[in-house]
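A, B and C label the chains in the order they appear, each numbered from 1.
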């Protein structure tokens, strides 16, 4: 398998960055990781994952959609879209990589969201297999193998080498462009690392969380469950779970008066927010119970109902560690399953 | 402590003093505690927890809970009692519907600080003579206890309960600013140049994802419809239309809670991006102390707050100019 | 890059009709003249005044009208207040058509049709009614039961009495909530009136109005012996994208903007009651 010594990672990143913009998880002062544009000195984070997910690259928190110039009774619509530049996201975990295929099922179905599409087409995803999964991880629940991550290129590390395998044409092109740095090598040490990781995976506290009791056929049963009251009781109605979630894809569209015209932008929105479904004449989700229920029903029932059984969660565990009141999808699943 | 609380809760439920108990519910791991209302002794036996990770301030929940049928028992740490009092003062909590049992405070632990050490796969955390022993999927890890203390507990302002119907444990004392060091970082920021200070806050606030966790957890933020959620206000936004907006959100919020913020530290505790939001509020508290005399919001339920009061000795608006900027 | 559906076209308002004290009907064409796009009866469009907001509105005119589109809009919130303040010649932005439509070319063909509307609920049905009137040979008997708070609140009253009532094979039954000077027609709420009229069970029903009216009318129809598979309605929820992506107009796993707005009641019955 193609590989490069970890000691040469700076050389590798420099070579990638010389061709296109490179983003990778880097440590922040507070010990958390975030995706950062690589430049000399930026080191790949050793943290398992970033606070914000990698969805930002394809579905940023805010982006302008169009501009309008208003003059008297006339309106001019200005299409401000630009073709995305090529970029590489390096070190995406298996969970986040799967989230892209989930987002694709929303944004690339007719009518295609061209804003998302252009970034998707120009982005190369290089994943990084996990070696130290956390207690909050439950990607296996959704059929994800973190030792075999998807993406245009899969990458593994055994501590001494990075190993690469291309999964797509885009990925192959990427590896071809680095051929002078990569050498073919033996994978015995890597297999050992993988085996160790697999052993840990089987011992994860959430390893047994299963989706077997969820899916599109549970629509009314779970909607009417009496558990929602207790589950949502302490929910603050904030958007933390939504915004750190790699698969949450809801957005709002708003206008901003720049003083020189109107900028129409979209931004992440959260079904947990009180105004999410508010209309001039009423609101179908008046209480936090209904809003809370919506988020989990969407991931566990509505999304699979519309997407051949695929769930709207990848088990990354971000909501488990970030919810201010520690309420999360795992607790919801367990509670709903109790009869 | 937990056992004494459980017994107290069951006793008060049994004798009809209260019909509900506000406390904390055990989670999947050692640290993921959820504030919860318990209605039966069975529920309490099954899930009630009070330990190193039960840091959440439950006072704000009592705004809603104290308006329900019957009386609720609330276990309040010293810092939580300040929030409780302030909410009583603001007529948010119906005092007679809450039975307050004061419990000792922290210091509580912050799982994020443990994780920031690179410790992962956390299964169990124990404090042994100032050393945290952490059982993980990858074997046992250790770290100094004090390095895992929650930010808000590091600069604890008081071990005294300012309100209670009953106490479990010994009553503590108010901690002076000198001893708590709670204004040290504010002073450090004050001593920076304007540019340094601007850079500090830009770095911090640019991390904001506008999840509103700080606002929604804040006991001083109990408006029924926040301006930032009200499309008619003209400033409602869910995310930034321009990059300066997160700053304004937090600064406006700090202004709005000035004089009412008890410095409970929940804003910084819940921030998923670890923004030290409490520093904005502490700056206001420090200034209020300097301009109008020492004042601690939530200390009592009767006094007039400096910003709601007029006194001939009040500082003149020109103070702004006198202090100046460089 | 291909056209993105979120980037709107320009529409010009060429005529504004005050229908009722709080409903105006706006005629919209493209700046070059003619319709901005084609649609089917029951479909919607996103109209916007940049800087004010964007909202989903039912296209009130029939697709058989080849010159313009019309929107009957009730003054209700921020955007509609702004739209009501417009003068002729004002440009707006428009994108669409969105959503499904009443099955005028399939399930409704050859059927006797009963339209039941309350207040502004006539707006989406007007598109179907005029479509059916223009293709009269494809449909059986037509009955329209329409009610409003008062005579002044009957949307399209002029068109109803000048055109619909004069058509052969169309029975129009109007009602208002309370007695009113100058009104010698029926007085009473729509659900009760429908029961009084005791329509033939052979009819397929299309219903739109305030939720409470729909609820009671449906119950009344069921009492008369109608089944849910015979009754269609059109829904409205908060929408932003109009293409099933922004995530807020769902009822269960169905998005009103994309899978609706037209639902048959048996389909709605399978979904959670959250609308």
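Criterion: a contact is a pair of C-beta atoms (placed from the backbone, for glycine too) under 8 Å apart; a residue touches a chain by one contact, two chains touch by 3 or more.
Quick caveat, the model's predicted, so the values are computed rather than measured.
If you average the CA coordinates per chain, which chain's centre is most distant from that of chain B?
C
Report the most central chain, judged by the distance from each chain's C-alpha mean to the global C-alpha mean.
Taking the mean of C-alpha atoms per chain, the most central one is A.
In whole angstrom, how far does the Cα centroid of chain B sit from the Cα centroid of chain C?
Comparing mean C-alpha positions, chain C is 51 Å from chain B.
Based only on mean CA positions, could you tell me how far chain A sits from chain B in angstrom?
Going by mean C-alpha positions, chain A sits 30 Å from chain B.
Please tell me the distance, in whole Å, between the geometric centres of chain A and chain C computed from their C-alpha atoms.
Averaging C-alpha atoms per chain gives centres 40 Å apart.
Of all the residues in chain C, which ones touch at least 2 other chains?
Within chain C, residues 78 contact more than one other chain.
Would you mind listing the residues of chain B that make contact with two or more other chains?
Correct list: 231.
For chain A, which residues are shared contacts with two or more other chains?
Expected reply: 252, 269.
Under the stated contact criterion, what part of chain C meets chain A in this complex?
Within the complex, chain C touches chain A at residues 1-2, 4-10, 50-54, 76-80, 87, 89-93, 236-238, 240-241, 243, 245-250, 252-253, 270-272, 274-275.
Taking the touch rule as given, give the residues of chain A at its contact with chain B in the complex, in rising order.
It comes out as residues 30-32, 34, 46-48, 51-52, 61-62, 132-136, 200, 203-206, 230, 233-234, 236-240, 242-244, 252, 254, 256, 263, 265, 267-270, 273-275, 320-322, 324-328, 330-331.
Show me the residue ranges of chain A that touch chain C in the complex, using the header's touch definition.
These residues of chain A touch chain C: 65-66, 68, 70, 73-77, 79, 81, 83, 106-107, 111-115, 118, 216, 219-220, 223-224, 249-253, 255, 257, 262, 264, 266, 269, 271, 276-281, 283-285, 290, 294, 297-298, 301-303, 305-306.
Which of the residues in chain B end up touching chain A in this complex?
Residues 27-29, 31-37, 56, 61, 111-113, 115-118, 120-123, 136-138, 207, 209-213, 215-217, 229, 231, 236-242, 269-270, 272-274 of chain B touch chain A in their complex.
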